[in-house]
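Next, two complexes with subunit A in common: one pairs it with subunit B, the other with subunit C.
Up next is the complex of A and B:
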């Protein structure tokens, strides 16, 4: 129990630091929301620009903005977005949250399942045909930027062959209902982006799983298991994989923590209305409230999933449970 | 909108033979003539039709819901088209403008429109601050009701050019707006307007539709029943939807449009009338002492100007959409009628591409390559070396500067390109902390806006346009004088003097006149403005009031 408490205190400290950084980071970028409008070719006179600055409230002193912000964070008041036409930040993020959770969550879980499974197989038959093909390939995929996959998939599947939609989470003329037609539409729209996120993450799970597994396969208890005449599958899964999966669980929690960051590049390419697109637009348009809100959510999720990984570790690894004794 | 994300756009084009379904075919009631347009690009639509909140209101709010008093037709030299007003004139001392209003105009809820609405709306603007969206607060001192259909706007000082600015203030319904507790948060979800499309028919974050005002005063002229706005976040999506044929009226930057769009969809056409000019400039007050010596020499600036291959800039960087600008004061074809032929005769040769001439001029003025690096030094042997700033991501302008730099290097001037983010550039230019830059200008109905923003010393720390920081009080006085008179001949005389001052000094180095982007689809509608029907600026962006005249000119294809 002491272990978990110590972690909790650490996470709270990390949260406080992140909260401060979240405020100053966006404001350290040059320019303000009005500059961002000018940069996009808006035509304003000097007097109009001065009036706009009043509207945005960017003329208040920084320390004053900071204390307002601190109070807001602890009362969960996120303010209004300037870019999304004054919509409350909570609402903007709330709308985008579920789409991103669906998109990156699905891709990450799929990548974990496939990556870990293939990693186990690759390790078991290490040096074999599958291993010498799949492992390097997954490294190549992992090293390829999502931007490249995104554009290639968009133009091949989306534009040239017209197999998948190139924009939106669902057809804009459909009204969201709990009908098969709507769900089908959503799934169809998610194929491209999910595939792009999935393929890049796959290697991230496959390679570590394979390496851990290989290390473990030389352990005595594996030899023992084999000597007892247990089936290959049983030794592979119960003796090998169960132990090898520990580091991958951390990796999965970290990846799930990143989920709410959205897959920024993929969402922008496919015009998917998730948190990634929101963050991108917020940064481009210097929408401070929105950037802050988004960073806050990312911080909370990152810390929460890290904590979850710690707890899971205790559960999965008896050595930690008895560590104190 | 400038050429952002061009690379991706080009890539779209290359793969684009068949586009996937971004927006499915119009499934709207077939009997209604529905016009699909893109007047802004946003990640989602948020229902707000309050024209006083510039940053929140939808781009179809002004003109389409709230008509202006009158429209100043920029393409026709500032010709006035009356809308809610049917007459306007100045008092004899030029200190008051009177607007006489039409008597048969009704708000969409049936209330009649009258002077109270105008007094209320312009009164908000006169107070200045956040609701002064036209930025006229300091220019008008009061607004008075003369009678039910006549309003007097008192000016802070004589300004004969102020009408085109006053009419940009939205005229809202007094009986609705005056009842709101907080205008800043009022979203005006069900607007009461004077314009053609006041009834919000559909509204989702991805699509909204505005339909006919039941009480529209020019209902007999309006043939379009509804306007439909699909949400598109960027140029690529716009292009994809255009190729599919989903869009009728757009104003996007589309590179290589003939190949990318027109060859893909035969109903699509375009027209690119000349817009404001764009120029290179050196900073007379640069902190770099050695560069300053050269920058403050008119012969160096003339050689700079002669090193610019304007035709290549237009053809390559501008895809041929722009036009060459060889006016010594960079005025541009848009204001051809205002150009002083004497100035062109005297200084025109310095605004023509001439590598040999530039080299000769530099040599005669004493610039020599002393250290043998291929670039000239100052007379005293000190090095001339500078970067030309252009905003990051404005790819057509970055290419322009690249071509300019090639010419400069050929004549022996050591210039290179630098592409900082817009806000960094803006700050550096306004505070004179840079060497050289390239900028476009915005043009109004007459050359005043261009001269004022580009050359008046009071504007130099307010925007990037006056980045040369060359203060000339006589020039300031001439520019101020332009709007102190109502006499057209007098104005022309002033402009001629302004041109002589700028031309003889080669204050900036003109490159080209940019263009308005405009694409239209003839499948569902006719009556579009184009080269053979150049009635007004054809753009659909919200800062183009002429779009109201355009929409009234459209007829559905039978």
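Up next is the complex of A and C:
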């Protein structure tokens, strides 16, 4: 498969570029981690400060730091976090990763399934009751910041009516096990944040799907599908949606690529221990190693899902296949 | 307008496959409704090739779409009857209509090149129509699809290919093969060869003709290429501005036109044989359907226009056995239009 190999080489190049940017971006911020510790009121002697700088490696010239970093990236040695009491970055991120993947991943996949389906229906019955209601509404939802949903859901469902927990991924007194009780607890905690991420993304899938589909419905093969006496459902799905979904697949993989970026705002509002919260804390505390580690995960994920989209696209659209099957 | 007057038929009732009666199709626009097809009536006999010719926008395709009830808003059929085998398809409910489509009347579209679904294999596109209308198993469908491909000279092994892997002419034949799948009694061909070069065009038309002889279906053939149509059709209807101007046997259309518009169309095509003649176009532009005049719709462009043409509407009338014309010239007996003196037209 020459195609897949070529894409892989391309994505590896993109990965290297991203690593370079990842390294230099946090270092363009004024101050360094030791400054941040001092700013938070830590008191050190000049000697201690020098020792800390030595430990963090910030006393070395930039290029030297960079090559050390590059070597570390490929050995997955991401350093230690300054903020999370010197835990290895890989461990901090590893803990948060699964929570974010669960939270944002579920919300994104749900948003895609519902958004695309509703978009198909809205386009098929264009100008009907559902379309005139759902399409403008989803635009409004899409334009509303997650912050607004987060706070509204938190205060209404969480505080006023006390229907959902307002903090954490599960009750702190529970130990994570594969028991039904624990899973129930996790699901209960996730309702609020998942809903907030879901509702904002919904319109992002509905509106483009609807527009694609409307354009496609004027194609001759749709008319021919109808003229063939096929059922409405078959024409709508196999002739319409099957073609209209192609651009949405790209949108989905982009969205999934962003998943590990975490829904920063929502995670912070619901105090959810995902990658979003980690990134937020890391930035506030100038935790270089952690920021770099987080950006690295985001890069890898984004590239991986783009690659997946490329492969999926070829699978879905026979016109992109070269030399037959 | 009485139904009998407009009954452009040369057949016994029992031999009529399709009978269109006073068909009207309207388009809803921001500036009001436009009648794109007005009071069109014609019959197609079993095994007959009936042609509809006319300028772009005169309503040919709109008529064709009506026969399968394929119009979608803003177009809708606002009046008339379409009798297929004795049943009015305009009265069909959704399920009856679904069963009627393709089983009774199949269609080859204007841009047959784009009428195949790009993401489904041909096998899938043959099978879905066969499965929707018959009790065949998937295996039988595939076998039938293979036979149909052979009919249009494409190797059955190509069933697993996608449309983009075929050339334009092949795609055209593929659509024709799909149209033959259910042995439909009527096949509507809406400019089936317009996008193709003349060599492929000839191949495809010969194929269609041969298949028609073999399977005995009727054809509603639509094109703006009059010379092609005269070769291919048994009878021809000439449309102008949404109305039938003339219906006559194909051989008469060029030699003995019964409507000034038909004569104009004929003059605009070079003859293959005989002396060289200067080609003459029809002056003026097609009628704007927002401003339909009182009287005849062709009056502004007609070289024989009389006072009566500007006052009285002229219905399609049988002026001689099998010859119908909507022209005031024939009021007092059939007139040979070709021999008349033309007057200049302000255009």
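Odds and ends about this structure:
By definition in this document, the second predicted complex is superposed on the first by the 296 of 325 C-alpha atoms of A that agree within 3 Å, B and C clash if a C-alpha of one lies under 4 Å from a C-alpha of the other, contacts with A are read in each partner's own complex, and residues count from 1 in each chain.
In the analysis below, a contact is a pair of C-beta atoms (placed from the backbone, for glycine too) under 8 Å apart; a residue touches a chain by one contact, two chains touch by 3 or more.
Remember, it's a predicted structure, so these values are computed and weren't measured experimentally.
Using the contact criterion defined above for the overlaid structures, shared-chain residue A:2 touches neither subunit B nor subunit C, since it reaches no partner. Legend: residue contacts after superposition of the two complexes on their common chain; A:231 is shown touching subunit C, with no touch to subunit B. Contact with subunit C, but none with subunit B, is seen for A:239 once the two complexes are overlaid on the shared chain. Shared-chain residue A:165: touches subunit B; no touch with subunit C. Legend: residue contacts after superposition of the two complexes on their common chain; A:61 is shown touching neither subunit B nor subunit C. Touched residues of subunit A were counted for both subunit B and subunit C, and B has more of them.
Contact residues of subunit C toward subunit A in the complex are 68, 70, 97-103, 106-107, 109-112, 114-121, 124, 128-129, 132-133, 160-162, 164-165, 175, 178.
Those residues of subunit B that touch subunit A in the shared complex are 1-2, 4, 8, 11-12, 15-24, 27, 42-44, 46, 48, 53-58, 128-130, 132-138, 165, 184-185, 187, 204-207, 230-234, 237, 240, 391, 421-424, 426-427, 442, 459, 462-463, 543.
Here subunit A touches subunit B in the complex through residues 30-33, 35-52, 54-56, 82-87, 95, 151, 155-156, 158-160, 162-168, 171-173, 175, 271, 273, 277-278, 281, going by the rule given at the top. Contact residues on subunit A toward subunit C in their complex (touch as defined above): 219-221, 223-231, 234, 238-239, 242-243, 316-319, 324-325.
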